[in-house]
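One structure is given below, represented as structure tokens, and several questions about it will come after.
A, B, C, D and E label the chains in the order they appear, each numbered from 1.
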Amino acid sequence: MVTTLHHILANSIVLLALKLGILLLLLPATLVVGYVELKVMAHMQHRLGPMYAGAYHGWAQTLADGLKFIQKEDIMAAATDRTVFSMVPYITMLGAALTFVVIPFSRHGVIANLDIGLFYALAVSSISVIGVLAAGWASANKYSLMGGLRAAAQLIAYELPLVLAAAAVAMQAGSLSLVSIAEAQRYVPFALWAQPLGFLIFLAAATAEVSRTPFDMPVAEAEIITGAFTEYSAMKFAFGLFAAEYIAMIGMSALAATLFLGGYVPLLPQLRFVPGPVWFLIKTGLLIFLLIWIRWTFPRLREDQLQKFAWKVLIPLSLVNIFVTGALKLAHWT
Amino acid sequence: MATPPRSLRSWERVDPEEFSRRVAGKLGDAAASVDVRNGTIHVTLPAGDVVGAARVLKEDPELDCAYFNFLSAVDWEAEGFEVLVALHSLTYGNTVIAHVRLPAESPSMASLTALYGGANWHERECAEMFGIDFDGHPNLVKLYLPEDFEGYPLRRSFKLASRRYKAWPGAKDEEEAAAGGPLR
Amino acid sequence: MNDESKLKKATFGTGLLKGLGITMRHMVSKAVTVQYPDEIAPLPPRSRGVIALKEENCTMCMLCARECPDWCIYIEGHKERRESRGEGKRAKAFNVLDRFAIDYALCMYCGICVEVCPYDALFWSPEFEYAEGDITRLTHEMERLEDWMRTVLPPSPLDDGAKGPEIKSAAPVVPAPAAAPAAAAPAPVETAPGPPPAAGRPAGMSEAEFVEQRAAAGRLVRQKVYEEEIAKGSEPRIAEARSKAAEMRARKATLPETEPAPPVTPAPAPSRPAAGMSAADAAAVRRKVYEEEIAKGSDPRIAEARSKAAELRARKGTKGPGG
Amino acid sequence: MGTVPEDLTRVPDLSSTGGLHTEEMVLNVGPQHPATHGVLRVLVSVDGERIVRAEPVIGYMHRGHEKLVEQRDFRQITNLLSRMDWLSGINNEIPASLAVERMLELEVPRRAQYLRVILAELNRITNHLMFTGSFGLELGATTPVMYAFRERELIQEALELVTGGRMHFGFIRPGGLKEDVPRGFVELARRGVRQLVAKIPDYENLLMGNEIFKQRTVGVGRLDPALALDHGVSGPILRACGIPYDIRKVDPYLVYDEFEFDTPLGAQGDSFDRFWVLVQEMKESARIVEQALDGLPEGSHIGAVPKRLTLPKGQIYCHAENPLGELGYYLVSDGGNKPYRLKIRTPSFSNISVAAHMLRGAFVPDMIAILGSMFFVVGDIDR
Amino acid sequence: MTIDGDGRERVHRVKLPKSVSFLLNWSRKYSLWMFQFGLACCSIEFIASAMPKHDIMRLGVIPFPASPRQADLMVVAGTVTDKMAPAVKRVYEQMPEPKYVISMGSCSNCGGPYWDSYCVTKGVDQIIPVDVYVPGCPPRPEGLLYGIVRLQNKIQNENIPERWSGHAAKIPQIMGTGRSGGI
């Protein structure tokens, strides 16, 4: 029986392996986003940023960082709980990377088009909370313990508005599958007409989820060194905190782009010739730039103000948002 | 905000001469001598009754020396120690410096921490640097120096080691080098 | 009391947006970075980078080593006798320098040695690139201090309002500061620097014409130096400052030889500490020596150093070292 | 009516948890901690996130200036003392020279006094710029410190043109200055000050106007004026509590009485007020520099000073308005050219002694905001 | 690694191919995560070197890490007093191995203006090994940049196996960091 290329592709295992290859793309993506953040931050602070690593404009700076972290000595203090200490980077990385399974790059370019894609994405992204908490406990250091507890309290507090804002989008699109949500925004993204409030809530909650300024109390240098990851060094630090944070950031902006800006759907019918994945990259890049921009402009909120903002402001607002979406749906207006 | 102390509202500058007469009048016999030099009022107080005089200086509405400037000491070697307590009156814009003479061996004085909160650290530093004991001080432990440091650095008898062990490069010839320090 | 209470109640969000606006504005504007290993920002002449030694000026008077608060200058030398030129005079002994080292690991860069050296043997150079791998190489010996001389910049010209130190006459009552001999008209700040002290005019030339000719020469020099500086790539501001300095030197250099003889130098007063010629005459002596050096065509820096030494000797009323 | 300072060892009852026994955790912040300026260590006992008791431990930067000063003559002293409060070199040197001049009745020419005021105010601006930037840094905003240092570099360039140094100048001599200012200094100083005044709205919008900043600082670390006077607090911190104690006004030295400038006063004495007073003071310093540059008289840079400077026997106290508060030198001389004893009254020492009372009951992240707003330099605390 | 007589692993001298050691040295050279150990006046010039005008990040020196665990360059900027010396040593020991130290300023070189003080350690090299001494009091920010360029040249032609061979690679037993709290 002639085994044509088509057969091989149709074979589910090979297909799955190919699609999981996409996840491997994430690691170079963190290097790129890391480099972009260094340069954008520098220019916002009126200076130049890395210039000498890799000759022209220091393009290889984050690559050098990665290579250097491989050579570093991996210190584990005697009092640490070794197994949990070493498990943490995998958990945080897992939580961050798995959201990409359901995010559509184009109409068919999605690893697994689950019909409960949105529910799965939000559930998976909250795994990293366990990782941070475990890091706080395992490194047997007072600062890490405080950092871990703060991170847990914050992530839980911001899980709720995230889910509620996403729920409003699901109501709006009438389905949980990210592909159909994206399709529902054919030519007019939700953020512009149906869910402006939802978009803002989701962005604020996403920033808190990734614990970036102004919600970066868990990794606040000034108060508690690097929070739960004070005791981590070498690849554990690079992998567990640095890369995981960037992947989570990319994941969250990709999710926000899909839910509110239409993901791979072109913004204007006339621009249809531009392929889907390019749209997706443009929108995600825009949101990543927004996160970087916010990080290097604002001071950070105090712990209790952070919680107050989540419980007293974001959650009521997202409930109102759901109510409004429901009312508009009933009136068949949308 | 708690109402600011009386000193904020009515500020009028008083000439140091007039203020020193006021201080002499208020302290009466407690002050051995009161004189004005370069615009500051110097008062010499007997070692026994420093807290009483300081309380008068602080709480008397005409003097109102509420601002605790500093407390330190001078080591006159044989003649003993001279503790300086500098108080400033914001209302009348004058500084009063109290001099208290203490004997050379085992000098001790009443602590002013009950009256001025600021005196706490100054007294700890003075005790650590000169070896003057302030009785009534909440925790008279070393402020600056590490715990295992022995000797009182600011006494004249405490010589700086490096200056003795390093030959003075400016010495023109050997005998000056041996003297271990610029003669000027 | 203050308007900050208004600041405290601003509506939510406006402050955040203004903040974002500022960072974006800075992102698009050009960075102010001086890329160090490739380009170096020009340093002012007085910048305290490293101390350079001019070995022939040093007479081993050890003043710098004595005045140094860190004891970081090490000088060794021996006495030598040299037969003096004239017969019958006994041979004069003077010091020969064997070792003059400055330990830059210990030095606190206060500049007291440069200031106190009576024979101008030590100069400041703005050079700062001499970090070392091991600490013993931070003690620079005589040869190394000598090469730093190349990097010493000429002293920057003083501000127009600067006059020599006031004269404290012997009389107890302090006289009004004696007007400096030169009728220094208040220099108009922007236009060409004030006319130099009333210098003698060559006969047969009218005042205005003379001033015009000197100003033209000055402007020519200034333009040339300005181009050179820009060609060398230094900052316009520094180039401008340097060209103005060059113009000043050029205008002074075109002074005719016959400078009115400085007031007769008073007999050296008994050696009370504040002895020696009054400061203003010493300054006049300095200018005269400076002109002689320039006329002889020696390097302006040498001229500057020699004139400064002459002025000091004049002020102290002592004879120069070794004739 | 001085308030009796509560005994620091008594633990206020904060355990709102009723029966549940909670034990405080002693946290050791510093001595090497990114937030504190240098090496201040604070022993904090914390109940959850709330501070029960805080005790600053100092001495990690104690270098023994008062002992070293007794071995050096006056020119060497001015160089050593500018390293005490390392953000304001010129202001550290001025009172030392003033003390010598007042003792010897030296007459300082007007031009030297004007130049001293200009250099002191430029140095005050660089000091305040550093604290403007680092206060934002401690609250998490890393961008204002970059802008603050950009202005600071320009003013340091002007100072370096005159003195040759960027931070430690050794330029003030008893009787006047070391040298006169070179040509180009007046324009450079004016340009630096003008750029500063033009850029201050950036800091106000970026920090003071920012709602997150206001939430972190308004009402935080409120300092009671009576307690402040009790501890001898001075400088922007005292003026933030509303007490107009500015030595340039109360006891004018040099030629400060010839310039008109006002002292900004805060209302509540909280972190926001301290920061606000700091920024307004930069504007005032810029005004003084502009007026001084316009009125710079001609003349010599140093008066008539005897070659070998020996002081008559006697004691004198001379103070000046350092950017962080009142800096005073109590000079005791026994007739030599070295001081017999020099007591240095530094502002940060008294300002920080009040921190223990302000930190009680605050949150841990608030401690950073409060300490950041206390504007201290550790070299000034430890001498 | 072989276990030698007294039970500690000895690292053998391994011949690394030229290109691999070049790549490793290059990555260590351009990614010097700098731990901010500012003590005294030099710390202000040290901060100024990270600011827009001098921007130390151009050379790949990133001033991010707040904990010594993630840092590999320690710049000792300022006076090391006897009371501070144990803290300096402890922070140095907590840094992971390929670590470098720059001593900035006369105070940390050998005591500087406080050479005769009764409580100043005369030079940080008495407690930790120093790679580059930057003279100055305080050194200009460009002076520190020059020191870093010199350190980078040193790293570029460093030999990693040389650095570890024959040197006991023991895993540092830092006892009880949990209880005694932060640095």
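Quick notes on this one:
We adopt the following convention: a contact is a pair of C-beta atoms (placed from the backbone, for glycine too) under 8 Å apart; a residue touches a chain by one contact, two chains touch by 3 or more.
These numbers were taken from a predicted model, which means no experiment stands behind them.
Here the chain-to-chain distance from chain B to chain C, counted in touching steps, is 1. Any chain that touches chain A and also touches chain E is listed here: C, D.
Path length between chain A and chain C in the chain contact graph, taken as the least number of steps between touching chains: 1.
Averaging the CA coordinates per chain and comparing them to the mean over all protein CA atoms picks out D as nearest.
One simple way to say how far apart two chains are is to compare their mean CA positions; for chain B and chain E this gives 43 Å.
Centroid to centroid, with C-alpha atoms defining each point, chain C and chain D lie 32 Å apart. For this pair, chain B with chain D, the centres built from the Cα atoms lie 22 Å apart. Among all residues of chain A, those that touch two or more other chains are 42, 44-48, 51, 142, 221, 225, 296-298. Annotation for chain B: residues touching 2 or more other chains are 144-146, 153, 158, 160, 163, 166, 184. Contact of a single residue of chain C with at least two other chains is seen at positions 16, 19, 22-23, 26, 31-33, 35, 67, 69, 71, 108-109.
Interfaces, counted as pairs of touching chains, are A-C, A-D, A-E, B-C, B-D, B-E, C-D, C-E, D-E. Those residues of chain C that touch chain B in the complex are listed here as 62, 65-68, 71-75. Of all residues in chain D, those touching chain C in their complex are 72, 75-76, 79-80, 107, 109, 111, 143, 147, 150, 157, 160-165, 168, 170, 176, 178-186, 188, 202, 204-206, 208-214, 218, 242, 264-267, 272-273, 276, 280, 296-304, 306-308. Within the complex formed with chain C, the residues of chain B that make contact are 166, 168-170, 172, 182, 184. On chain A, the positions that touch chain E within their shared complex are 38, 42, 45-54, 58, 60-61, 63-68, 71-80, 140-143, 221, 225-226, 230-234, 237.
Remark: chain D residues 1-5, 7-9, 58-59, 62, 64, 66-68, 71, 73, 102, 222, 224-227, 229-232, 241-245, 250-251, 267-269, 314-318, 326, 328, 330, 332, 337, 340-341, 343, 345, 349-350, 353-354, 357, 382 touch chain B in the complex.
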